[in-house]
């Protein structure tokens, strides 16, 4: 009842008369995240130039060595240089992370936006489908699908895409429902703008930040999925240098040569940290009204 | 309302479970029989599996069988899948519940601690450190915990499940902890922000203006209100926890649904795979419904009949 | 009736300044050098535009400043004790029996998961040492006194089950349950309908009178002040511009800002009067100008107004104004 | 014993007097699948039911011969077509009933009956089994058959009560009854399987243990930690990579000599592997020492022959192809694809050793412009792909189940053996003839000569690229005594004991 | 019911109802509302919170569909699905200037978008038109490339009005356009509305909860109570001689600049009943000081009371004891 009234007057003067927009570079999380991920991307791009060795080059006489002058981070069980593999792994994992997130991001966001904006039956149907997929834990479906489709990069993309669009759908739908109630969206609609235009120009940009924030952590999730698939013997086809398969290869040495699993793990962690910082920062930046 | 929604979802789940096996390229009977495949056996099994029928017919059969509690025979163990799954369900259930409890024990104090000084050093620590946990594969965390607490300190057994209930609790501690560690970052983050919301809310100010402070404020006004959003977050993450058991049960040699699933997948024991997927999905849906009910009990504002259009 | 003599006010705020600490030694001031006194049993109004620092002042007194905002200097004396430098434990003892607060949004100011009776009873249990049962009885009694029908049943309701007006009555019952000497209200009726506002204002006044509690009443609505209070301060840009009795100020303002405010506000009984908006924008609190905060928008402003800081000073007849040119602009009759 | 060298052989064996009682805990990667000894193919199950079900003959500890177990002895008729076997009297099933020739006849017949789906093909030379008296069994053959006694030593011919003691086959194997040192306990599928000491065991004083528990522990690190922590006594199959680290003050890491041969199979149905030069060239490119080092951590040896050192008639001097750059070059030059080609190497997923091997082979072939793509399929699909010949190169291994080379050679070189010559389509008339002759030659010397020739021919034709002979790795608690694994992989537990 | 014939009518609402909710819990936000708006007229709409003011505004502007009834613009019915032209004719201004502008678009793009979509002016003249609009609402061109976040509430409200004016509407529906503003700016927006009416001949439906504000601006007033219009009259007539007891109470409740007697009982008792469970008979009867037994079973319709252009929905309109506003005035 008076919820309407409450909203009416509480905003009066909520903000100082002219709020200075904080420029993006003053956002500490965002900057830190960008630096971290930027370094990672740079390392990945420059891998052919800076890595000390060919990541596929085997040298069995030098297998399983600890860090040393010639191999800064040691060698794996085929005598390959771990540092080089880490650097090249960044290429594969960042690529997979971004690609695997892209399709579900787009598909999920679009469906979520449609469900949230139009509501009614469209919403009910889409959301029931989402609920169905949501009932299956990510790992379960991905593992089962990869088994069904056979291991390999393409199956992994496909399995992840099939499963993880639901999260984006849910997030974007929720945000769109909130945004739809915003007066500027109503104003746009009453201004006679077409639904698609309202969605794309007025709703979309204001709701996508949550999805992007989620995508950042989703990339990590996807890398984890790959790592776990590797553990179950379903990962990326060898001998490709890739963090997940490096971790799963090193799995048998966890109790002895522990750093072999830790190093790629650290790479994943750092990337994850960078991405979540970016996510946090973007969240702050893109929704100025949502103060932390 | 949620219960009504759960019905179509349950049907959808059966469709997905059904398609999971029937989308496999080639004749499932052949891949099931593997080494022992002779044309005669393949034909016999195809008939037994009803593969000669049309897909919708097969699905109806499948539904009919489920309705009669008949989930088929396990090819590896040669026993009824239902009994196999039912044997495992309590194990996984206990593991999941256990990890939820541990997760709460970890995240509630940490998030309260962080929320008490937002923007401070401890807040940053609590927000960032768990991220590290997010980047560690669960199996890796599990083995490390084993190494330290089971082999090193000998406080816990190295995997297994035990015989009695108290043994179960002892055996499952480390795996449950591993799972708890893996979801805690998410939970801590959202708990922290819901606690912050509560702490900054007007009614906490009101409580302060009545002279409440410290523990009486926290227990009387903050906790319950902060827990309400947390309940749905926990509910959503139960699916993730169940997914985590797949790997964790492997690492800790726990005879739950997860290890049954992985084993069955590797052995192409499709009836078992279907049954586990079905049970897990139904479980997750049930948890969703349960979460809603708990939510309603905790939050007097929610009327079960009127959710969804809020 | 109040026992204190007028010379010992219930509340005396002295040189209160609030700010946001940016870095060591650097502050963004929100409230600057605010001083006023509330005599016992008096209903005191604090009026001003949005962002003028009314709520912050009130929150500082109640010790409920939001995170980041700090007291830079000043005292707030309540019966011989400085509220601002008081230890938290002592403050908890005082909050309720000596000092209580009513908030703007009755919707959000009540704990949504607690029955209203229990919320009212919380204070008396803590401060009056009542048993659970006795405190509950008192709560029901208080509900009845606010004119809510069927108080026993209402005590068992959750806040969302009540209408806005009822919720605000519950807030009043809660604030007055320990018979405080001073009640602070922050726009208690802004969220209510006029008809309900009318009821609530009357109730608040009557109850305070009955209990002998003094009231500090913050609002942006001049008409509401005139209906409720006997003295008031007009705030602008974190400072008090003018102070005096409601009767005097409304009849003849002694500050250009007050004057402009009256001119821009519609008066229901004088529809023919043209409304005159105040030109310009409200002041930036983070970059305060050296002179009078109102100078950029003031139609009487002269060069001097923009250079030197202005102090709230007595003018005549117990009235104070922060305008240097008050004698030139206004006809001051003692 | 044979060429399996490396780790220590035998366990902390024979010190002190055996302690009676105790529960032996074996941590294994997978659960047993079924106790049905005539239909079950996986080793985990086999090694389990072998503790309960005994055949007439058994394998000697060196794995190369047989020795009577339930049988007292046997005689062969002059035409080599009839074997008359005497049974030891007084042998009882775990139920307490005595075992007689009727039980033996039933068991062997039952096995033969399931030839198409089970192990019964091993009895294909048997015409008839009869039980003329309580302790005598007569086996009549269709043709002379040298490996018969070895065949009868196979677990699928183990003796179970006549007519399954009145139960159906399925019901019987829910709780099987045999003459072995242990009897059925309980089975929590996926968790553990427990066997109890058989109080009616016919060898007095055995077994020492009161029970054996096989725990399922899928993760190899966990298995290792369990033995080291004392929660388990035996770690079945520790990874070679961590094998040395399994050893600790309380655990010995033991490599038992085996009959395992790991090889690359070339599918001759696919081009260019029908070309002998291609096969020989690739064989000469593979650095077996490197594989032994990287995969087995030097616990095995490079393989030179179709037969394994633990198998009778293994010829140490077989000229199997080893890494030889010159040979590789010249063979490739003579082949149909002198400039190299692209192909795939199929491996089962989840097998770290095969994955490592595959990567080494991939890198070994690369300099010759042979681009190998590694393709992983889950174990069952991998098996199917091989059977259906839908692969180009594949990694496989073989372990003997009976102490006679025929089990393997028939599988590997005779397309009529049902396996298309280990799924390679290899069909050499010489090899086929040699194998058939050897089967029917009872005289050991003559047999040896035939098998030597066979080993030479296959070494030259290179239908398989032999990689290495690997021993069996075990981590065994030092509290456990007399734990021995035969070259066939099984481990009799009757005289194993555990100190306090 | 309406007195004026259609010629000079900019907008007409006929017997509009709006129901929310389903089966068991039907909420009647609007229950048979009829209203007309003359050309160049500012019609005020007041009423208790939840009485359906915003709902009516949204139905008129095409934001929601009515459950039944008709909306006519220029004498022709505008359908449920509006085309761009129909949208153009009626524009809406919202209450909260902080959420009614897309925070991610500059003022220029906000305005230009509408101009482009509706092809109001040729493309090359969009910039010029944007400047003209800014002038119309009293803003400077320099503000064009700023984001809404950089403006004060009053400025934002002007921008929102400029956006509504961009399509050159005939009717402006303003839902509490000044409630969220400070008094010092409120007056400028009121002035703006007044000048828009005189300069552009706009018809405005002006919703407000502050009677003092309405009094200053509007020509006629409609009072709503629980989904019904209970009284409509020219502004002077309404304040001078309110015919419906609710209107009387509303007027008596307005806080005045002059001190009043707080001891006097409030003008109205109780809270508005739930719109889900409407009372039988006159919906104001539970709170009405004049309620008779006939009020419990007759639901009065809006009919002339006193003057022909003064309508009230009370059985006793005109016959009630005048508790006149004049009395209060004199005492002040």
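Residue numbering begins at 1 within each chain, and the chains themselves are lettered A, B, C, D and E in the order written.
Note that contacts are C-beta pairs under 8 Å (C-beta built on N, C-alpha and C of every residue); 3 or more make two chains touch, one makes a residue touch a chain.
If you want to know which protein each chain is, UniProt gives these names: A, B = Peptide/nickel transport system permease protein; C, E = Oligopeptide/dipeptide ABC transporter ATP-binding protein.
Quick caveat, the model's predicted, so the values are computed rather than measured.
Undergrad: Which chain's C-alpha centroid is most distant from that of subunit C?
TA: D
Undergrad: Write down the chain pair with more C-beta contact pairs when B-C is set against A-E.
TA: Answer by contact count: A-E.
Undergrad: Rounded to a whole Å, what is the gap between the Cα centroids of subunit C and subunit D?
TA: 91
Undergrad: Can you give the whole-Å distance between the Cα centres of subunit B and subunit E?
TA: Comparing mean C-alpha positions, subunit E is 53 Å from subunit B.
Undergrad: With chain centres defined as C-alpha means, what is the inter-centre distance between subunit A and subunit C in Å?
TA: Spacing between the chain centres: roughly 49 Å.
Undergrad: Among all residues of subunit D, which ones touch two or more of the remaining chains?
TA: As it turns out, subunit D has residues touching two or more other chains at 221, 225, 350, 378, 381.
Undergrad: On subunit B, where are the residues touching two or more other chains?
TA: Those would be 118, 139, 143, 147, 250, 262, 265.
Undergrad: Taking each residue of subunit A in turn, which ones touch at least two of the other chains?
TA: Each of 1-2, 5, 8-9, 12-13, 17-18, 147, 232, 251, 254-255 in subunit A touches at least two other chains.
Undergrad: Spell out the residues on subunit A that touch subunit B in their complex, using ranges where they run on.
TA: Where subunit A meets subunit B, its residues are 128-129, 131-140, 143-145, 147-148, 217, 220, 224, 227-228, 231-232, 247, 251, 254-255, 261, 265, 268-273, 276, 292.
Undergrad: In their complex, what parts of subunit A are in touch with subunit D?
TA: Of all residues in subunit A, those touching subunit D are 56, 58, 60, 63, 77-79, 147, 150-151, 232-234, 237-239, 249, 251-256.
Undergrad: In their complex, what parts of subunit E are in touch with subunit C?
TA: For subunit E paired with subunit C, touching residues are 48-49, 152, 182-188, 190-191, 209-213, 215-216, 239, 249-250, 252-260, 262-264, 266-269, 271-272, 328-329, 332.
Undergrad: Residue numbers of subunit E touching subunit A in their complex, please.
TA: Interface residues on the subunit E side: 49-50, 54, 58, 61-63, 82, 84, 87-88, 91-92, 94-96, 98-105, 113-114, 117-118, 147, 149-153, 160, 163-164, 167, 176, 179-182, 209.
Undergrad: Help me check something: in the complex, which residues belonging to subunit C touch subunit B?
TA: 62-64, 66-67, 88, 91-97, 99-101, 103, 105, 108-114, 119, 122-123, 126-127, 158, 160, 171, 174-175
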